[in-house]
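I have a structure here, written as structure tokens, and I will follow up with some questions on it.
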């Protein structure tokens, strides 16, 4: 439970996230995303959420990004393509940035709950056991239903991956 | 006997009088009855002469002091009021009704021969409408309540329209019919207003309730009602200033002019005022207006008649003038004298029309006054009849009916207002002048035909034409004997005028005759007339005058022959603005058709423009289509938002999120 | 139940006609006639079993009680007359389209549905039911114009629908407000009338109601849909539009403002009078300049219905009675004129007054029929139209002389447009096409029926007057009670 | 954890979310958009973990697990879609996928 | 029994798994039958069970059962218009999953169930959308994926804020005046508005309607809307008193009504027009919710229940035609295929809110709710929107009746005819006699 460390790690994540969205090369972006996720995982550990941190490393950084890597390997990374991507990046970032700032402004305008003691420590680590008790206790139905998410994604991906011509109307 | 809750009595036979004519209309007018030419004529006669028989019976009883009075037909309930429909037979109804029946029978008898050679459907239509008219007129005369009265009144107007436009291929006839219909409709509106106001006063439509209620009306109602009645009468009777339709109405067939536009329908206005005379007489101002207008009409009509170049138009102005006399008499409080003149006028005027029609029938000149020339040789009987009628019209002293009735009226006028009397006598001079002028022309030899009797067209000179002409001719001369009994019947006496007025009034026609001779035989005057005639004929097609200015006399002749151009004045004052308004409302030229109908569209457009002006400031349009177009332009602009690019869509979402967040921030601002 | 049958029978008739028409196209018209005739029988039964009192018969059935709606149907003399009119016109139009070939079963079904929906309007006293039928009525009329119309029919149909549907929203909004205003949600018109609405609200609600009714009537400036709809509609469509749809507007104005919003009516009636007076003259003047015969008649309808509006807003016994009579009379005369013009159009394919003419010589029956209904349009005495106009004018004399004079002026102008229509068709010689075939007997039948109606009610209007009397009386009393 | 650091962490998570959002909006390469989406989802993850830690509630981590599942599913579907799309369209330019518009 | 309310969901999930498992081998008919059986069983269970609150996460109350039932019906409808020739094997299972997600949503009382249900619908919808693998379908799926990701992240952010502020994940925790909660509510509203296709979160809707199979459009137009609407209804009383919820909903609703109607105005393609109009209809629902009328819940549920059959009928007719259902392609449909044409006409009239069709009652509920609440501004917006709606619905209706029609080679299959007839019967039946439906809705308030 070290909030300061969590903050530092989170700041690192933020910086690397900024790099993710601004890199021209997909490979670079992917690498910076890995950094982001790992920093976040560090932050989670620091906040006492060890299960979450572990899952972040194993599943997110390990499994999900691995899939990305496979796909990214098929991408054209010629200098010309990079140049084009850079050119696209250079022009069109202003409106999104403005809107994003607009989203950010009210969120940043928030300060902590009024009247709360800003120095008092609070909170505690949540053990994996508690989490398990919760997930497989009251949340069991939700977990089951959440499996439907993967099921749906699986079926869609399977169907898309199958060879064949387009079907139906279009 | 009781039918539909109505207890039928002997008196209900009164219904047969108009019903016979109506039955004739139905039989002739309904297509499914297949009729031959002979049958049509037979039916025409039955329907035309038929009403005379019951009328004689009832009128006879009435003349002997046993008037039937009110005969209720049926009663409607309108809320708290009852509408009791009735016919009535009183002395006035008997008198006028009998006159109408007699003239109607004579005219229809005449037309059976006159209309020979017409196509069968047209013949049927002609007689059907004549019958319908007769039914309408008799209904109006016998009406015992305002509804039935107005029914008859309006039926007459409708028949007048359809009969003037009888020749449906003649644009002039159609135009004349429409003009007559519209102008008399204005009068009808006055009458309707008067009758409805009386109804509100009396809470009943029966004339025997209406008239006392009208006399007793309070709150300034009575002058209004009286004025409205006068207005209705003036329009129907073609009195100045609503006289212009009658001369044009001569475009109809001659029997129509004889029956409708001289003897009966036109005089119905006078009859109406006689009927409602208690109300009129209670209002001196209205009386004075009526008398003044009557005198003006009398002299104006006579002056215009003097210079007419068309025999029928001459007679039309003559009718206007003569009815002016009746109005004058009513205006000075002598409706009985007017009634007498009504009878006499009906006789001699129908006689004049019929005989003139007979003379000019088949003439290549149509009804031009010059077509009368040679009548004394060609058609001596008709000429005699015409002369008898003209004499009566001129009011030759003692020997003609016209003198007696005119004398009765002049006597009444003298007693009230000598100035009006002077005007009336002057009009009498002019009357005699134009009547004599027509006879003189008829007496002239016809330059077109060299062998006198040879080509006189006797193909229809049968009993059908001769009987009416002879009957009416004797009537015109002898009707003077009727004047006193008529006035007596209506409860009045022939007024006793000073001797010198009688003398003056007797000399006046003779002066008129002298004037007529002067016009015919003094070269300067005759040439002036001829010149005016030439100008009128030349400028008839092209109204814009191209002639050199003519002399004073010619100009007077020309002006009067054109009826002082009052018609043109009305055209400019009433018709053109109306046409302009209608054209504007229908978007002729560059306007918007049906502007009010476009108001909602325009309002919607204004609203929408106010909203969308900042987005599309450069569009101006005025109709729905354009309104739709604006909305559609908005649509086209909006659909461009849907770029189809995921990034843009995401941007909108983010913007929406930002908006919501800002809203939340704002709402929680402390 | 008889009242429900009055709505249901024509409706089912339409459905069965469609079904029968699938098997055998000619069967549809017979089915339609049979069902409509059964409707007439049901109406006769209603008359036989009429109860004493204000309402001849009343039916209450649950419909959606949770939403405060029930089926409330009631019939009095006014409704009776209107329903009789709608059934008669339904039968007449089916007979008139007897030999139609273009999708005849659907046509007959549509005619039946129009009758059913308008019967619903004439009988409904649950306000939601009223609004329901009010909107429903648009659908078959819309189809009539859009499917069987001439020329630019789609545009005319859409214009018709948009005008009326938007106006219907006013009614709908007012109905909802009324429903929500009470202690419990209820749309029962009688209950609402009993309870009474706040006077200021009455004005706004009346405006909502009146908008719907006046667009349907139609009163200038809300009339622009009518000439287009009439011009493009087929003959039967024009007949139903003029004879039935316009009358629903008049009926609504006659019935509901005084029933529900007497105080509002008291305030707004003067404005209605102004609008009506304007419309009378305006419609007549615009009619004077038309070249299309149907458009001309359509504008005369505008003028006459404006007189109805004046009669209703006059609020005195005479004027209301006159308005009621004009409603019936105009249904006959306008329907007949549309029928005749439609028959001319069928023969020579033009309605342009500049091209027509000469009917007098070539088709005397046509000419006679035109003459009769032309005089009815001019309000000749002896026709029911005259009686109505005269009563309205009488009432106007009691209300305000100005309006009476305006109505009288409109009587004069009516001659201008009447003669224009009549003599351009009947007199003269045709410019383009000569009508050579006279009215057939199938056309003559309806014409004769309409002629008899026009003349009979013109001479013996007692039946109409007795029927209208209760409705007129309650309207007058409601207004009298509302006068401060 | 103090209130200040809690606030800071929440702001950090918000910033992560917004950065991800910016990435999706600004980038045209489909793959990078998918990566940005992962970044955007990291924001709420951090927020839930932080909040869970603050309130000592296992629900925060449980929600993180749910987010994880969603991320996995989306990546699976998104990459399959990307591979399929690449056969017909330019995978580096999502703007070219705009046939469905107006 | 505590698990009573879960049974329909369990059946749906089970059926989905079975359908998926057998799909590679079993025939298309079998898969479909199993899916249909599952849906019917779930429908019966939902209608029959009297369950109470099962847990803090899911409720089994009447509204949830109503929503589940309606979702099952829409699932059945979606199944019915899957074209046998071209539908991939996975489709029934995906429909079941989407239905499951929507059912979960309608019972959701907790952040986790809200989130999972919502995402289940979204992902199943994406999968359904891309099934044809045609270019438009892939494009629509891709956009839905990206936008759905943003929506999910926004929603999660909102939930996280609320959780952070209150430490509670149930809806009951939202009634705090904390600014953080207000911001969270705004984010939550944005996330839900995406799923509810409110402007400006609506861009995906027309794409789904025009690019994806009709079944996907049914799911998007009905099932997900039912679920989200019930969630909105449940959230309504819990929302922070600061007013963000009502104001936001009103703003989004007005924007949706205006923009949806305007964008549909001249849209030549029928499905796309339906897509835009569905945005407008969502807007109407949002207006009801924003008005805070006393019987908001009745009005909303009733509106959706009446909107569903009309939308279904229109989409089914468009799907059956097997061609570009645009203005030119639909000319004279009524004459060429009377049944399809008539049902489509009926559907369009119902959507336009004309009487005798059930849509009239929807309009009725809408206006009366807004009038009752006294929100006359919103009422005016709704009225203007309906007036504009008349134009584009009638534009299509008139086209159907044109006489210069095009050829329609294939008459509808008898099953399709039955489906169309059923839809038409529902529209007319409820149109004439809406009482039972209203009673059902009144009995199903959350």
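Order of writing sets the labels: A, B, C, D and E. Residues in every chain begin at 1.
Everything below uses one rule, namely that a contact is a pair of C-beta atoms (placed from the backbone, for glycine too) under 8 Å apart; a residue touches a chain by one contact, two chains touch by 3 or more.
Just so it is clear, the structure is predicted and the values come from calculations on it, not from any experiment.
Undergrad: Which is the least count of steps on a path of touching chains running from chain C to chain D?
TA: 2
Undergrad: Looking only at C-beta pair counts, which chain-chain interface has the most contacts?
TA: Ranked by C-beta contact count, first place goes to A-D.
Undergrad: Going by C-alpha centroids, which chain is farthest from chain C? Tell me that one.
TA: A
Undergrad: Of all the chains shown, whose C-alpha centre falls nearest the centre of every protein C-alpha atom combined?
TA: C
Undergrad: Quick one: which chain's Cα centre is the longest way from chain B's?
TA: A
Undergrad: For chain A and chain C, what's the span in angstrom between their mean Cα positions?
TA: 70
Undergrad: Between chain C and chain E, what's the gap in Å when you average each chain's C-alpha atoms?
TA: 42
Undergrad: Just curious, how far off is chain E from chain D if you go by their C-alpha centres, in Å?
TA: Chain D and chain E have C-alpha centres separated by 26 Å.
Undergrad: If you average the CA atoms of chain A and of chain B, how far apart do the two points sit, in angstrom?
TA: Here the centre of chain B sits 99 Å away from the centre of chain A.
Undergrad: Going by the contact rule already set, what residues in chain B reach two or more other chains?
TA: Within chain B, residues 639, 642, 644, 646-647, 650-651, 654-655, 657, 661, 664-665 contact more than one other chain.
Undergrad: Can you pull out the residues of chain A that are in contact with at least two other chains?
TA: Answer for chain A, listing residues that touch two or more other chains: 92, 95-96, 99-100, 103, 106-107, 110, 113, 139, 142, 146, 149, 152-153, 156, 160.
Undergrad: Give the residues of chain E that touch two or more other chains, as numbers and ranges in rising order.
TA: Residues 112, 116, 119, 123, 126-127, 130, 133, 135-136, 139, 142-143, 146, 150, 179-180, 183, 186, 206-207, 211 of chain E touch two or more partner chains.
Undergrad: Can you identify all of the chain pairs that touch?
TA: Final set of chain pairs in contact is A-B, A-D, A-E, B-C, B-D, B-E, C-E, D-E.
Undergrad: Residue numbers of chain A touching chain E in their complex, please.
TA: Where chain A meets chain E, its residues are 106-107, 110, 113, 138-139, 141-142, 144-146, 148-149, 151-153, 155-156, 158-160, 164-170.
Undergrad: Can you tell me which positions in chain C touch chain B when the two form their complex?
TA: 159, 163, 220-224, 227, 278, 282, 285-286, 288-290, 317-318, 321, 358, 360-361, 364-365, 368, 371, 375, 380-382, 386, 390-391, 393-394, 397-398, 404-405, 408-409, 411-412, 415-416, 419, 423, 426-429, 460-462, 465-466, 469, 472-473
Undergrad: Taking the touch rule as given, give the residues of chain D at its contact with chain B in the complex, in rising order.
TA: Per the touch definition, chain D meets chain B at residues 21, 24-28, 33, 94-95, 97-102.
Undergrad: In the complex, go through chain D and note every residue touching chain A.
TA: It comes out as residues 1-16, 18-23, 25-29, 31-32, 34-36, 38-39, 42, 45-46, 49-50, 52-62, 64-66, 68-77, 79-84, 91-93.
Undergrad: Report the residues of chain E in contact with chain D in the complex, numbered from low to high.
TA: 111-112, 115-116, 119, 123, 126-127, 130, 133, 135-136, 138-143, 145-146, 149-150, 152-153, 156-157, 159-161, 163-164, 167, 169, 180, 206-207, 210-211
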